[in-house]
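Both complexes below contain chain A, partnered by chain B and then by chain C.
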Partner chain A sequence: MRSSDVLTADVAVVGAGPAGLAAAGEAAAAGLDVVVVDAGARPGGQYWRHGPGAEGPAPGTHGRGTFSTLRAGLGRHGVRLVCGHQVWQAGRHDDGFVLRLRPVHDFPHDDAVERVSARRLIVCTGGYDRQLPVPGWDLPGVMAAGGAQALLKEYGTVPGQRVVVAGTGPFLVAVAAGLAEAGARVVAVCEANAPVRGWLRRPLAALGEPAKAVEAVRYAAALARHRVPYRTRTAVTRVHGDDSVRAVDLTALDHDGRPREATRTTVPADLVALGWGFTPSLDLLLTLGAATRLDGDGSLVVRVDDGQRTTVPGLYAAGETTGIAGATQAVREGLLSGLAVTADLGRAGRTGDGVDAGPSRSRRAARLRSGVRRGRRFAEALHAACPVPAGWTAWLAGDTVVCRCEEVPFAAVCHAVRELGAEDPRTVKMLARPGMGMCQGRVCGFATALITRHLTGHPSTAEALSAFGKRPLAAPVTLAELAASDDRTAPRTAPWS
Partner chain B sequence: MSAGTRPPGADLPEHPDHLWREPDPKRSYDVVIVGGGGHGLATAHYLARAHGITNVAVLERGWLAGGNMARNTTIIRSNYLWDESAAVYEFALKLWEGLEAELDYPLLFSQRGVLNLAHSLQDVRDSVRRVEANRLGGIDAEWLDADGVREVCPIVDISPAARYPVLGGTYQPRAGIAKHDHVAWALARSADAAGVDLIQGCEVTGIDVRGGRVTGVRTTRGSIAAGRVALCAAGHTSVLAAMAGFELPLQSHPLQALVSELLEPVHPTVVMSNAVHVYVSQAHKGELVMGAGIDAYTAYTQRGAFHVVERQMAAALELFPVFARAHVLRTWGGIVDVTPDASPIVGRSPVAGLYLNCGWGTGGFKATPGAGAILAHTVAHDEPHPLARPFSLDRFTTGALVDEHGAAAVAH
Partner chain C sequence: MPHEPDDRTDAEVCRVHFGGRTLTAQPGLSVAAALVREGITSWRSTRRAGGPRGLFCGIGVCYDCLITVDGHPDQRACLVAVRDGMRLEDGRCPEDDRGTGPDDGVRPDAAVGSRETGHGGGSGDAVK
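For the complex of A and B:
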């Protein structure tokens, strides 16, 4: 291994989204040597995606100014940015951490970095769209709401003409507005809950997040301008099509979230964008042994203190991994983790470089902590207003695929519980194999846990979800890469002649 | 995959419609088996079916077959070097050959053969010696030269310039693999149907000994009296032995394995290499199942050091260049319980009525039915089964060791 393949730093940050950029900038501003690793080609994460051919998020992107400030901070403080690399493993080493990296494409490129070694590690790996199975969801043309948005933001691609956006949460509105603005015909936004009686009626500003209120008003205006029907207490209960999506069934939900069959209508569509909230990416944190809890939206998240410290010494987490709460909160948590790591490493921070001008560090930390608490309250209110409908499993058919990698149908999961006696998601996984394939349960894990809960009546626990989510390999890695990372240098000659 | 062919795994059987009861522990049993892995379940099965002893409990601190039974690479073979161990493993292999019928359950026992590669002249001498010893013992064993290896497994790189040149290998055609969870379920179903109580979530915290004789166990679910107690807890057997007041010469090491994404059938047999500590097979559904070597340090963690995996996958790729782009999805670890001579300990203990079954090292899965039958016999008669006699605990004081470090395939 070449020595240049190994980077050493005071602080390693995984993820260059809102939390990671904030954390890295804050730690570097205090004089710490920081390396940031991100799978994307450029920093910004999933939230600040770069437009086609453009540097930086498109004009009008929410928080674009924040991105520019954070991005500039990285350069000013000499943060080393390793883009295009996935962390496939994290481990402890001496008093610090070692990250194992692979280029995001299967073929190594010239500037590949193999390892990052650091005294402190801040994990800002964000989250990804949470999906619930529905009959036909494995047809081409069905995608995650976040996937549709990513295609739009990053490539300017509108992946369909007649679009149904469905699931729950305000993110659907943002996706629908983006697609409508880009020229797609959004024939319906289906919100499974009734936010008019929930988060829309309760003024967002009253929850202490006025910026969110402004954002919501902007999206609502976009939907109105494009005459996009917004249907509450409605879900996509079946996707029709042979080779790709042709139409969807929209069905109103009763108060238990069960479809009311009599209300079912079939709507032609060629793109279905589904989103049921987000799943935090906890692979690295679970592997390193950080303690977890169940968040209000049912997600497994990592426990942190008021400095974003996990229960593992030296390991910090910021952003969605501590609870899905959005980009604004992620920036606050990132800054807070940067301040905490600085304090923990005994750096007072530089003075007079502009970044630290103004209130003292402790006052800034106090203000950020109060902001984090406010953001948490806001997130809790949103989680409470946008739950996964309790009766959603009623729209599953026996042959609806739950685990797409291993092609495990709903009937097989039912069989594992009802006939074989599985009482928790881990046993379901052993008996029916959901979560054993390429994605290792990243997509189906949440749904499998919910289905198991529904069938057994046992509530999900952090332990059960953690057992499903432990993945020593945070990303699939080829045997060739494993072999190449063996640093023994042996001559390739036969030992005899 | 071309249209019309069935997907990998399409021929896998359905699971049974029920597995086993979830009984509460009774106050007393004739026999208590500690450890609900493959060996504990097989012992219960044979106690009931071969000896008519059914007032039996199997106590498992976790869930049935969740330890090494769920963590091994399912290789079955009997080509060990010494008569004593070859006899035990051949006895087990013969049981394997009738086990699907005996348990009336598909175990996906696939006699696809096992190749043990030789990479050096010393390997060749050792291998040929082992083949001859096996043949004298009535075990199917062949010595294959490099071309013979390629004939059995065309994807092995046998070129002379290879990093680990293949000079040949031993081949046991009757060896193979089985589906580990099916084996556990079938044994559990059989034992349960015979009236054995399989008790999960029940950890033994103490062993009661009175006047040199075992009288019962204390557990997290209360005290249980027992006429006889059989320990089938692999590496943790030494923890249990300490509760009964004696020590065992066992060392426990992490041993790791990994599994790849699903591939088309390309690997027709099982390939092991002692010299580079790698063993590779392709499971029924299409995933490569690969084992690495043991960690040097001792631990009860079911997780090993990753550099061990890297080193051995580097070696595996030298042998199988075709797998370079296969993605590894999952790794895990088990605990290998190793004795000083790399052979098991089976038989009586210093405490009357307390029986030992441990130290199987990397041989545990392949021994499953054999170990169960032998231990059941030993418990039922309070007399070691003839095949178990060489594996008594006192061999470590008499010096009558059965040194299988060579044939255990992964150096311990």
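For the complex of A and C:
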């Protein structure tokens, strides 16, 4: 590794998904010098994930043309793209921000970049599948729904033959359709909520997102073609197997979301794809002190103004970090953040291209802002239609692993609350250790908060979630890397204090 | 652009060594994809219960898929691409009960190849 490979730029963008690509393209088109960092091997993020050697997402992927346009724009405007690097720390200094990077693996890397220093920072780190524990979910063959889809999109690999997809939300339908089209036998899609089928068709268009409706209808048609049973108000309540998944229990849920034991059936399966919505990746934003709020789906998200500015001067956020709302919304927000950063740095906008001068730029911003409001309404309707079932903890057993890293069972969390008096997720974490492992609570944080709420009766506040979610280091690093921090780039609070 | 991803590799297929077997994989596949395609769904066991683990989140977030690659422990199989001649060893850890550790994400020192213990099962507790 060449040590101290430092890049400087006007604008640094973290995340090369729909939001980050749009943000970078917009800022670079205005003549700003932009660096984009992404942990993935290729740009595209979750939505436009594609395989080695492919130019972009597969034909038929929604918004594929948008990806190609954005991708080409980056090249044209000289955006520097640093792939395969994870930002593990973000700090502020007098004239901006410093990001500390490491390759996603530990072996020698020819083009390793260690730092990016920039006057403005746009965080577009997206999110990851949200999970609820279920007995047996730590067996190989149980995957995050998005993860199963990612393996398919990027490597054409389906990690099983008989698949059950379960959780809530329209994303399950997309995942199931993809797996079925790829040849897997999808034996059931279990949607924990009731009304999804109805709103999949009509109200989406009514909410002003016709493209979403078209996409949904296409997935629904794929499920019909492959005769995939779609079961509403049903959940996977147990996963059976010794060394890997052999079967799952499917149980209907009552109106409180509690399993109705009498309805339980066991079906053979070797892949279970679980997803309960998404959790935004806020690590960098929280470390930098951006203010947050609780979104309609119960996730902590960052607050932004109508130019995607966070409460920290010079720091912007776009895409899933401001609320889970899908790829179209992520692009709109990314473009808006690019426009805002351009205006804030006193650039004229796309005049160099002859594409877009001042007045039309403000018209575009206005159009994007109204699109973002529409997207927000759509997302709110979706969150309202797909809540986590209130009674879900009824399917937990005492020995069900809540924290996969530290192997903390449900019983230990109960003990922390009932016997040791923990009243909030942070204290539960201190006493029972969920969230103390390698993933730093990314996987179990949401469930731990819900379980704590269930046991104590106190709802989780944004403060409590934020305390649980605060990760001074966004990725595990070595002491050597930490030691290489110097005062100028260290975050204002030392991570180990 | 010096840091553009480069998917090209000289080998048409990569030979990858795992658990006494030699697997072939297309260049560009992740280690996890290469293993899963061979029907291998777990490659480490957990520190406490010794349970088998493989892929879970698939996108680098959960650290369930840890594997030792060419002597480097705790690499995420879902993020690392295969290379010809790569040696994979499972992250099975010996009796290694180091008890509690930090939640600050600091890994044991010596990232590059000099850690002796074969520990690989979730180093959240492997302390500074």
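What we mean here is this: the second predicted complex is superposed on the first by the 459 of 497 C-alpha atoms of A that agree within 3 Å, B and C clash if a C-alpha of one lies under 4 Å from a C-alpha of the other, contacts with A are read in each partner's own complex, and residues count from 1 in each chain.
Keep this in mind: a residue touches a chain if its C-beta (ideal position, glycine included) is under 8 Å from a C-beta of that chain, and two chains touch if they have at least 3 such contacts.
In this text the structure is predicted, and so the values were computed from the model without any measurement.
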Look at A:E463 in the shared chain and tell me whether it touches chain B only, chain C only, both, or neither; answer first, second, both or neither.
neither
After the superposition on A, what does A:M438 contact: first (chain B), second (chain C), both or neither?
both
What is the contact status of A:A150 with respect to chain B (first) and chain C (second): first, second, both, or neither?
second
Using the superposition described at the top, determine whether chain B or chain C touches more residues of chain A.
C
Considering only the touch criterion stated at the top, classify A:D254 as touching first (chain B), second (chain C), both, or neither.
neither
Classify the contacts of A:D305 with the two partner chains as first (chain B alone), second (chain C alone), both, or neither.
neither
Looking at A:R471, would you say it contacts chain B, chain C, both, or neither? Reply first, second, both or neither.
both
Identify the residues of chain A that lie in both the chain B contact region and the chain C contact region.
106, 407, 436-438, 440, 471-473, 476-480, 482, 495-496
Give the list of chain C residues in touch with chain A in this complex.
1-5, 7, 27-30, 32-33, 36-37, 41-42, 46-49, 51-64, 66, 69-70, 72, 74-76, 78-81, 100-113, 122-125, 128
Name, in rising order, each residue of chain B that touches chain A in their complex.
7, 15-19, 22, 63, 70, 120-121, 160-163, 165, 181, 260-262, 303, 306-307, 309-311, 313-314, 316-318, 323-332
So, in the complex, the side of chain A touching chain C is made of residues 39, 41-42, 46, 51-53, 75, 78, 80-84, 86, 88, 104-108, 111, 113, 128-129, 138-144, 146-148, 150-151, 154-155, 157, 159, 243-244, 404-407, 429, 433, 435-443, 471-482, 495-496
Complex contacts: residues of chain A adjacent to chain B:
89, 91, 100, 106, 407, 415-416, 419-421, 427, 430-431, 436-438, 440, 471-473, 476-480, 482-486, 488, 490, 492-496
